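Next come the structures, one after another.
Both of the next two complexes hold chain A, though its partner changes from chain B to chain C.
What follows is the complex of A and B.
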């Protein structure tokens, strides 16, 4: 067997099996490029830009007044251009329970709960499944790297095929052209993003370095590798802290007026309390690693982080993945290339299907069902989440969880439909396209009816393209789905489906 | 092209496990080895070795399917992983030098 043949087998099966999981990761990652824009869309209080007067001290005063447990740490981030509000998170000491709040810049009170744009980011890196999810995503990333490399080896005419698209050709040829087109357009991007993606969690995925060179002492590893600072608890109650504003002014001055990022207060009720301030600099790919650590009681500067070259290289790679640099143009480019990745996956399963449909191959109905369940299920679930965000009353308790249920139930409904109708794929596709169109086109309308400051005419009149962009993309997606549903013939002779006999034939899968 | 139909089932299972387990084992041994022997300061050694390990795993997975047989793939990947890992972990005091 030649190298190309063995790589073709590896590419076909190593690519097909994780393709639905990879679609979830790529699609959620594409949306996560615009997490802060979606977050603003999902929080009506932020629709009309206002310059709030809240300070870091107001945020910690709110925390002291509302959370009475002893805290292990709390962290906050001030308003930025894309996220114009204070956000706060904390962890309780004994129970390790975490909480968070986002503050309305007009009132200084927490805004109604929502999962926000963060939902898509979390879905992207751990499938909303915690640590096991993070490992599953990492393994999927490795499958993607192997599929990209083996796909490149399989490809006979990488350059020539790049200019070939024959949508009117027979099914398999057209799907293969599309798979090649999107695969080759995105190849450098997909290679870099898959590699930097697994690299972000390298210390979890590959503990060998810490084990061998630091004797498995994680604290020593993190201190030396990050050049960071940590002070152990003294088990004495803390004296009253100095105001944060003084420390922040000092940090700003040391950095020549730079914007500030995360502010972290470690064990605030202990005499050892430390305030660390990070710099926020979206003009750089890698986030600056020169955090300042202050004594929370005296305000004395204890330490300035000096990250070794290796760690700065790591943050550069992570920054390349996270797309927090360079402004909206970079994020739009990332978004488009992410969509190209999704299209590559969809077309890849299309090639697999068309090749086997003609021969009533095994697994055709299953792959079709999974395609419908995931390639339609996830986008429709995301739309259901946005609908829930607009329709659920603001006073509802556990409102974020209710949004999550809308997402999950929406997805389950589509998955059941797709599996139930897997033998009538044309009807299934047409129905799901029409449903997507309805949900996507309905959202800007609903927005217009319920959001006085956030609807499309209002945001466009303000020149607020970040907010208007969400509605505009929904309109474009809805129109595209409606057009495709309209153009599709009701039920063509797509009945070349596996018969009972075809499924049972003990023929080896080819 | 019928890539897998001609392969015996056990041979395929051998290649898959070599790509997954042997590949990870090699990446682990590689990271341990270069975290010790790279001529850099300790934090930089560890970061450079760790960040490169995914490329090693990808190469190993491709090799597991390109190799002449599953047994050979296991022999090469497992052997290399063992040698690199032992050389890394048995380097005594030297492995924790700053």
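What follows is the complex of A and C.
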């Protein structure tokens, strides 16, 4: 067996089996490029930009007034251009229960709960399944690397067919062209993103070295690697803390007026309480790991974090993956190239199917069913989530969980339909395209009916492209789906007869 | 400036594409003469280099090169998709982005 032959088998099966999982990861990652824009869309209180007067001390005061358990730590982030509001998270000491809140800049009160744009980000890196999900995603990422490398070996005409796409050719040829076009032209992006994506969690995927060298204490490893600071509890109650605003002003001054990122307060009710302030700098690929740590009671500067070179290399790789630099331009480029990755996966399963459909190979119906369940199921589930976000009453308790249920149930419904109709693929595709069109086109309309400050004419009139962009993309996607559903040929009467053969009979060609 | 860089990246990819026999025939009926082929490839190299310089000037070398990579991949994808469905638009689209890019760079 030649290298190319052995790689062909690897590419076919090592590509097909994880392709649905990879589609979920790539599609969610594409949406996560715009997580903060989606978050703003999902929070009506943020639709009209206002300069709030809330401060870090107001956020702490709210926490003290509303959460009475002893806290292990709490963390907050001030308003930025993309996320113009204070957000807060905390962890209780004994139970390790976590809570979070996002504050309406007008009133200083928490906004109605929503899963927000973070939902897609979490779906991207752990499938909303915690640590096991993170490992599954890592494994899928390794499979993607294998498929990318084996794919370039299998491809006989990498450069000759670089720009070749023949949609009129027979089924398998056309799908293979599309798979090659999106895979080969996007290869630098796919390779870099798959590699850096796996690298982000490398210390969790390969923990053995650190475990041995640091005597099974992962925190010690992270502190040394990152050059961070930690002070153990003294088990004495804390004196009243100095106001955060003074510490933040000091940090800003030390960094020459730089913007501030996360503010972390560790064991706030213990005498050892520490306030760490991180720098926010979206102008560099690797987020700077500059942090200043202050004594919460005296305000004394305890530590200045200087990330070691190795850690800076890591944050550069992670930063290259996370696209928090370079503004909307970089996010749009990443988003479009992410879609190219999704197209590569869809076309790849198309090649597998067309090759086996003719001889009615085993598993064809299953692959078709899975294609419908995932390639349509996930986008439709995302639309269902956005619908739920607009329709659920603001006062509903556990509103975020209800949004999650809308996502899951929407996905399950599509999956059941896709598996049920797997033997009539044309009808299935048409129905799902029409459903996607309906859901996508309906959202901007619903937005217009329910959101006085957030609908498309209002956001366009303000020149608020970040908010208008969500509606515009929904309209474009909806129009595209509607057009494809409209143009698609209805199911041939006898599904076993290919349409081309039918046309050649004399009665029909007359 | 970044739009002009994208226009250059797109034109470079269109030139590389037209330097290939199959695609030149698709648009002009026959293959490119050797001198034209060499000229197209030279233009593509120069345009890609210019795009990298423009992106680096606009955004700094690090981010500029990331954007440059993204632009030439998307430029090539656009060339491939246009050739498949709207081949007559290949050059007009190039002229259009080049004009828009020059205007935004000048303003």
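In this text, the second predicted complex is superposed on the first by the 489 of 510 C-alpha atoms of A that agree within 3 Å, B and C clash if a C-alpha of one lies under 4 Å from a C-alpha of the other, contacts with A are read in each partner's own complex, and residues count from 1 in each chain.
Operating definition for what follows: a residue touches a chain if its C-beta (ideal position, glycine included) is under 8 Å from a C-beta of that chain, and two chains touch if they have at least 3 such contacts.
Treat the numbers as computed from the prediction; the structure is a model and nothing was measured.
Asks: In the superposed model built on chain A, check whether chain B and chain C fit or clash.
Replies: fit
Asks: Quick test of understanding: once the structures are aligned on A, what is the angle at the Cα centre of chain A formed with chain B and chain C, as a multiple of 10 degrees?
Replies: 90
Asks: Would you sort A:13 into first (chain B), second (chain C), both or neither based on which partner it touches?
Replies: So A:13 only meets chain B here.
Asks: Could you figure out whether chain B or chain C reaches more residues of chain A?
Replies: Looking at chain B versus chain C, the one contacting more residues of chain A is B.
Asks: Regarding the shared-chain residue A:68, is it in contact with chain B (first), chain C (second), both, or neither?
Replies: A:68: touches no partner chain.
Asks: Please indicate which partner A:150 is in contact with in the superposed arrangement: first for chain B, second for chain C, both, or neither.
Replies: First partner only.
Asks: Once the two structures sit on chain A together, report how near the CA atoms of chain B get to those of chain C, whole Å.
Replies: The answer is 20 Å, the least C-alpha separation in the overlay.
Asks: Of all residues in chain C, which touch chain A in the complex?
Replies: It is residues 2, 13, 16-17, 20, 22-23, 59-60, 62-63, 66-67, 69-71, 73-74, 76-77, 79-81, 83-85 of chain C that touch chain A.
Asks: Name, in rising order, each residue of chain A that touches chain C in their complex.
Replies: On the chain A side, the touching residues are 160, 162-167, 181-182, 185-186, 188-189, 283-285, 320, 325-326, 329-330, 333-334, 336-337, 340.
Asks: Could you list, by residue number, the parts of chain B that touch chain A in their complex?
Replies: Per the touch definition, chain B meets chain A at residues 1-6, 19, 27-29, 31-32, 35-36, 40-51, 53-55, 57-58, 61-62, 65-66, 88-89, 95-96.
Asks: Considering only the defined contacts, which chain A positions touch chain B in the complex?
Replies: 1, 3, 5-10, 12-14, 142, 145-146, 149-150, 153, 195, 198-199, 202-203, 205-206, 208-215, 221, 224-225, 227, 308-311, 313-314, 317, 508-510
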